[in-house]
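One chain, subunit A, appears in both complexes that follow, with subunit B as partner in the first and subunit C in the second.
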Partner chain A sequence: EKVGEEKPEVLSPEELEKLKEEVDERKKLISTLRGKPWPMRKKLESHEFVEKYEGALGKGKSRKLYAYKVMMLKKWMKFQRDFENFKTACVPWEMKIKEIESKYVSYLFLLYPCTVLLVLPGCLLFFNLAEKALMGRPYGSMPRKTVPRADEANAMDFAVLWDFGGYAQYSVLFYGYYNSQRAIGWLKFRMPLSYFLVGVGTVAYSYMVVIRTMARNANEDGGGDNNSFNFSWKMFTSWDYLIGNPETADNKFASITTSFKEAILEEQESRKDDNIHLTRFLRVLANFLVLCCLAGSGYLIYFVVRRSQKFALEGLESHSWWERNEVNMVMSLLGMFCPMLFDVISALENYHPRIALQWQLGRIFALFLGNLYTFIIALMDEINLKREEEEVLKLNMTIWEASLYNGTLGVNSTAPPITVHPADIPRGPCWETMVGQEFVRLIVSDTMTTYITLLIGDFLRAVLVRFLNYCWCWDLEAGFPSYSEFDVSGNVLGLIFNQGMIWMGAFYAPCLPALNVLRLHVSMYLQCWAVMCCNVPQERVFKASGSNNFYMAMLLVILFLSTLPAIYTIVTIPPSFDCGPFSGKSRMFDVIQETLESDFPAWFGKVFSYASNPGLVLPFLLLMVLAIYYLQSTSKSYKQANLELKKKLQTVSRTINKVLTLIQHLLYSLFMSSYLSSPLGGEHRAHQGKSNHQIPPSATSPPAPRGHRIPGPLPGNQWQPAPSVQRVPNSQRH
Partner chain B sequence: MLHGRFHELAPHLVPLDYTNQPDIRLPLALIVSMPELKENPFRNRIVEVFSEDGQGNLSFNDFVDMFSALCETAPRELKTIYAFKIYDFNVDNFLCKEDLEKTLNRLTKGELTPEEVNLVCSKAMEEADLDGDSKLSFSDFENMISKAPDFLR
Partner chain C sequence: GNLLSLTLAFLPLVLTFIIRYRYYFVLFYRAVLVRMWYDCTTGLSREERAFQYVLTHAIPGDPESILETFDLWCSKVEFISNIGPKKGKIMDRILSEHCPLTVLELGSHCGYSTVRIARALPLGARLYSVEMDAINAAIAEKIIRLAGFDDDTVELIVSPSDEVIPRLRADYGLERLDFVFMDHWKKCYRPDLQALEGSGLLGKGSVVLADNVLFPGAPNFLRHVRKSGLYEWKIHRATLEYSKGIRDGMAELVYQGIK
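Right, the complex of A and B next:
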């Protein structure tokens, strides 16, 4: 296709047109060049061809526009390339992750939560700053923003701040700080409305991101069976081309060998029943033990929370540090030790490693969920307590106000308002801030536990093993305790739960996602360091599922379960009367009602009230349920159809091959008979006539028919003549 | 950056200035000493596939070709085509049983017994061979790889 001749200076219009077409074709080809296996030389040739003739086409006054278009296109493509490079450079910690990936199996999944998390604090921070910037009242101007007089003395103490009391309590960090004034400043920024919408919006956005990722993963998965090409996949796809470290390479070789041996064993081990009753009994026993563990941990947490409420009533100062932080410590410790217990119990069950891993993850999941929900139920009790306090306080407020005027006023007379410093006004117990505080404390203690476990469990252990090994009786590095393995699934689970807690607490502590981003940064560096210096790769490298959908499904469930409590509290519990953006309303979502009534035209309100009529909403929900059912059954039937087609394809191609072989035999025998009967071949081959019948039928079918199916030109792909045809002249020569 | 790496491999051979397009080829032994390829059991085959003479001598263009195909963002179809060529040890455009056996031995570093090797290769052949000629053509290979869940590299 190379145009060899030199183009003349002046081209006739038809030739110009033809050239233009060719150049356009080449350009189309170039855009798909990436996917073609041509050597670089050929690709460059196409490029050169286009460049050479584009210039020619640009000459002449009517072509000026064309040349301009071409130039703009080139600039645009360059811009796109630069932008792609910029985007890749922006992915945080790209180099670090590549480094780790070369040592461990892919860690890329963890980037997903990171991207989600980065958006959340963005939104929440935004309206935070809006409150400040748009002439929101600063600290000290309102009662809800000021530390009460009684607490002022120790508001700056580190211990109090660490507990998120004192100044921290009355800061942007928590719900109680925000003003409930409907519109702030000259922009008429609707604070309560925006708080509500941002809260709901971030949840909706999280759902969308998770589901979109799941759908994308499911698409890549392809439909159908995961086990049909077991051995082939093991052979061709098990090597990880990113490995650059000799230790990892050795481990990878060993794990590949092990996985092959496992597969061979499974293949050889035909229907061996092997005392299935014993196995079943052991499995039931194991599940029973696990249930006992879960129940025990649930009860322990409930007990501890009750005790901490008792302590709170008695005043926190009279107790030791442990007693004050009991709840969080107990939850973190349970989270550390119970999974190990589950691991030991699962040895009873004798499952395939992948299934055992899924059970293990499921149990840890149940453990965390149980703990979290017990915690929330205990929190509900506290909320109710605080609300009772509030009622009492409201009564006291009237008495206090009256005392301010020293009884000089009658009931209905007006008087100049007495200025009282905001710090002196008695404050209602703000249950929302209390909830936010509890969550923040929980996350902080969780973080601390993780870091300490990391330092002790990984770093200290590695140091001990390395240095004590010289003077110890058995080999510490090979036997117990040896270096700790990097547990990918455990860490991913930890991340998922962390995210769940953030979702739960975000409505009541708006800066929580921002804090979490900070914590993730620190975690990332700490883990990177620990992973590179103290950990060894897992011995058996396998994943919990074929795609990442297993973890995504877990994330989705956690998202659902963690937004449930927040939504419940929004809908049922009336907000505090003196703190937060919804103070004074009877329900938090009344803000929407208000907005509809005051900011939108009247007809809008009517339409909305029709649309939210239960008579309309219920049938709509029913319709959606039916649609889901329908879609699921069609997808199932498509999968079935797929499997059938695949089987048919196999039988059909085998049949075709047999037919082709038959035809070839036929043609060959026809050819031979015509060759023999012709005068040229007749006498020469007469004495060899017998050997004709002894020519064996071709053992392999000709590759010729299949040659067409190879897509794209493979360089060097010559049509190979069928070996059987070649064999014929050979045998004839003897 | 790639040019820098290429230059590093043989500073006395590779000129820094490529505008004259000199025809310098680096031998196989130098290329496979790169850290990205050093631990790969198929490093020799990879370099051979991308070299024009089939012996493993890479010019700079071939070098760039190789790394762009091994890159994570290379399209899946491209990787499939090159994977097929890499595993085809006797370069006959089919994966016959000997090719599979060689692949398996490289992967397991000879740890499996001959019977085990035989079993694995026959199972793999049975699974992927659609047209029943006891060899894997490119379409068989492509069909099998396209269903693989984690064909990452």
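Right, the complex of A and C next:
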């Protein structure tokens, strides 16, 4: 039946609005299902119910598609969750970390993307297997894979192997072993190309991972105004609920007290600024001393490197162990002792602890960098030496080949080739293997120094302190030497620099990342044990900066600075003529050119040559620089807007606070007046008399310093109800 | 050549060591080397030298002046381990909070802390000071009388502390000690505390103040205090007397009694 002229199917705008509101409400209800205080079974059932009928919210034909989309989304989220769990389970030391975190608190154990650690050696191991399994030639089949006849006698000696000579030198560990044949085996595996691409690819992947982690951390870190409500923040947010150990709790308690005292002192000092000249002078002096120390360490390394070059010319066998490993040992020792000196010098500067820590880390950074680059410059000298040797050897090779045939043949005759054992062929000095060897030796000596320091400086010291304490005149635990503190930032920095050295040497010693993974595993377990058994937490626990990005930024800089020398050598120095996957080429990256010419169609080569034209590349770079500038300025303005919003929020909440306080006052006075004026109150008013405004006596004593005493009643509690009537006997009143 | 590079590599470590522990080296110099030097040249013992100085530079009858003179001598001339001005202030504050009537002091050495405590005592209180060494006790006696405290206020007992404590109740008629100050040999802190507990002279609210529990340190004593559960304890952190960089502390124990 028609009901007038209206069309009931068309909804008026108000009804649409109402419908939309109702739908939104229902959606909100469903999304809050998780948070309801129901038993688990009920929640799961309701969830299943919702899932079954959710598709009904979609309209018409696309209902099925919508339900399907929702289901896929849920499955994807579940998969992600499971994958996260799997990844966490794969990290073998997760439980240990939690245990240690409860004792040591704060950020820690920079487990930067575990993926980097695993992927790097994974890739690099991959083509080792490729070389072997896919029909690379085994040991002994080629001159580059065989120990020379002269060295055969002592190729298995432990001393030689420890220095990575002998059999270790002619193995997959180093660059020189790899065959330069363009395609190996039945799979036609492109060995040189893959070596090059993996080397470059790992660097690119590392960059990506580091920057992605930085971006993620930057999202979590809010903009912050750290200067307002200092004391309130300290009061309400100082405690750390991750603490699970009584010693740490005591320490945290003491450190919170200390930080309050410091904040009060700082506040006092910021009001007066006397003697700024003395402070400035002391800071300049401290920096000067640090520079002296850095210069001294740089000079010492230079001196030692010169000496080792002299020894190398005389032949390394005639020197003692110390003389052979002098450079590495001196570098490791300096790297260990100079930071302590910096720490002591920084006591002159009188900075806030966080700023002092940043300066300290910066100085250690400069020290390591200086040492490393001195080392690299020395390495460059050696590379040049080796290349001169190579020239000489090439000449000698032609003479040697001619002598083989003994002048019996003419130039154009085809006699059967004389077979010579690979061990007898003279071969060129392989500068790449030498570089790889140096890096591996450096890492090994660094590892050894770390372990020995751990054993002596932490374990032995702890044993001495523990057992000598019974018969020593002063308290060894409380005074000198006491247990060693676990220095978080120093350790993290050591890890970062270790990784830098790996990045530098990975191209020339492909198994280096795998060795490093092994070393890191052992280090981790050793350090875990040492930390729980021999160390005490630091007294004042604070972070180097508000976010974790500080260390990530450092890692990025190290990545950049350590891949620089490797890339320089790849691009400028021609590879050796008879060892490694690029032997015979004039530059290492020629392999790319070759591949483009032979394996890809011709038009691809043309496109590539157009794309790499400087005329195209330069404008592109310019565009990227401009884009970065633009993004930076927008992000700055967003931060600014954020801060202003926060301030507005603060003022609003302050006003609300004031209003609430006012209302409280009002209510209280109303209550008092009503109580006093009621008939019940009237009788007691006579008794009130003196005790009307008496604050209970227990609150008059000044608060005793809160040590380990049971806390007394809070002083001055003005919201207590009116004091109860004193039972004054009536006789006194009349 | 070899030795040179090895030495230079270890140089930063040696420098760090010297700089970080410079206060301990200074303390060693003042407390041991200077003392030996003066012992050889003057022939008097350290306490006698201190007494001479106080006699010549302080105003008799004024405990304030005597304490100040002592402090001056200890910071400028030689080092004696009295309680010092900073920790002394903490002790004064505790005394004024508790106003004890019977005070026992173990180890008065030169009498500095005796004078300090006696100065802060209320009227009618009495201080018993135990000193093991006879010569030191004689000097302490002279200084206490110089400060103007008579036998009613301060009584000096010359005997080792472990012999005196069991006899306090019988010989001196003490019922309860309100305040005990320990500043004698650190390894005697724990046995003496246990003797005091055993003798029943400590009541609820009695305060025991032990000096130098962090440097040179009395680890056994602290362990006993923590384990026994008879005390509410607290460590006042300060610096060692007359030196700036060495951390030290005084343990303040309030006896709670057996629960």
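Simple rule for what comes next: the second predicted complex is superposed on the first by the 536 of 734 C-alpha atoms of A that agree within 3 Å, B and C clash if a C-alpha of one lies under 4 Å from a C-alpha of the other, contacts with A are read in each partner's own complex, and residues count from 1 in each chain.
What we mean here is this: contacts are C-beta pairs under 8 Å (C-beta built on N, C-alpha and C of every residue); 3 or more make two chains touch, one makes a residue touch a chain.
Here the structure is a predicted model, which is why all the values come from computation and not from measurement.
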| item | value |
| --- | --- |
| First (subunit B), second (subunit C), both or neither touched by A:Gln80 | neither |
| First (subunit B), second (subunit C), both or neither touched by A:Gln632 | neither |
| Subunit B versus subunit C as contact partner of A:Met340, first or second or both or neither | second |
| Greater subunit A contact set [subunit C / subunit B] | B |
| Which superposed partner A:Asn230 touches (first subunit B, second subunit C, both, neither) | first |
| First (subunit B), second (subunit C), both or neither touched by A:Asn613 | neither |
| Which of subunit B and subunit C A:Tyr241 touches, first, second, both or neither | first |
| Contacts of A:Trp322 with subunit B and subunit C, given as first, second, both or neither | second |
| Partner chain in contact with A:Asn469 - subunit B first, subunit C second, else both or neither | second |
| Set intersection of subunit A contacts, subunit C complex versus subunit B complex | 709-710 |
| Complex contact set, residues of subunit A against subunit C | 293, 297, 300, 303-304, 307, 320, 322-323, 326, 329-330, 333-334, 337-338, 340-341, 343-345, 469, 473-475, 477-480, 704-705, 707-710 |
| Residues on subunit C engaged by subunit A in the complex (per definition of touch) | 1-2, 5-6, 8-10, 12-13, 15-16, 19-21, 24, 97, 214-219, 232-235, 246, 252, 254 |
| Subunit B - residues contacting subunit A, complex | 35-36, 38-42, 52, 61-62, 64-65, 69-70, 74-75, 77-78, 81-83, 85, 87, 92-94, 100, 103-104, 107-109, 111-112, 116, 119-120, 123-124, 127-128, 130-135, 137-139, 141-142, 144-153 |
| Contact footprint of subunit B on subunit A as seen in their complex | 34-37, 39-41, 44, 106, 221-222, 224, 226, 228-246, 248-249, 253, 256-257, 260-261, 263-264, 267, 543, 546-547, 649-650, 653-654, 656-657, 700-701, 703, 706, 709-712, 714, 717, 720 |
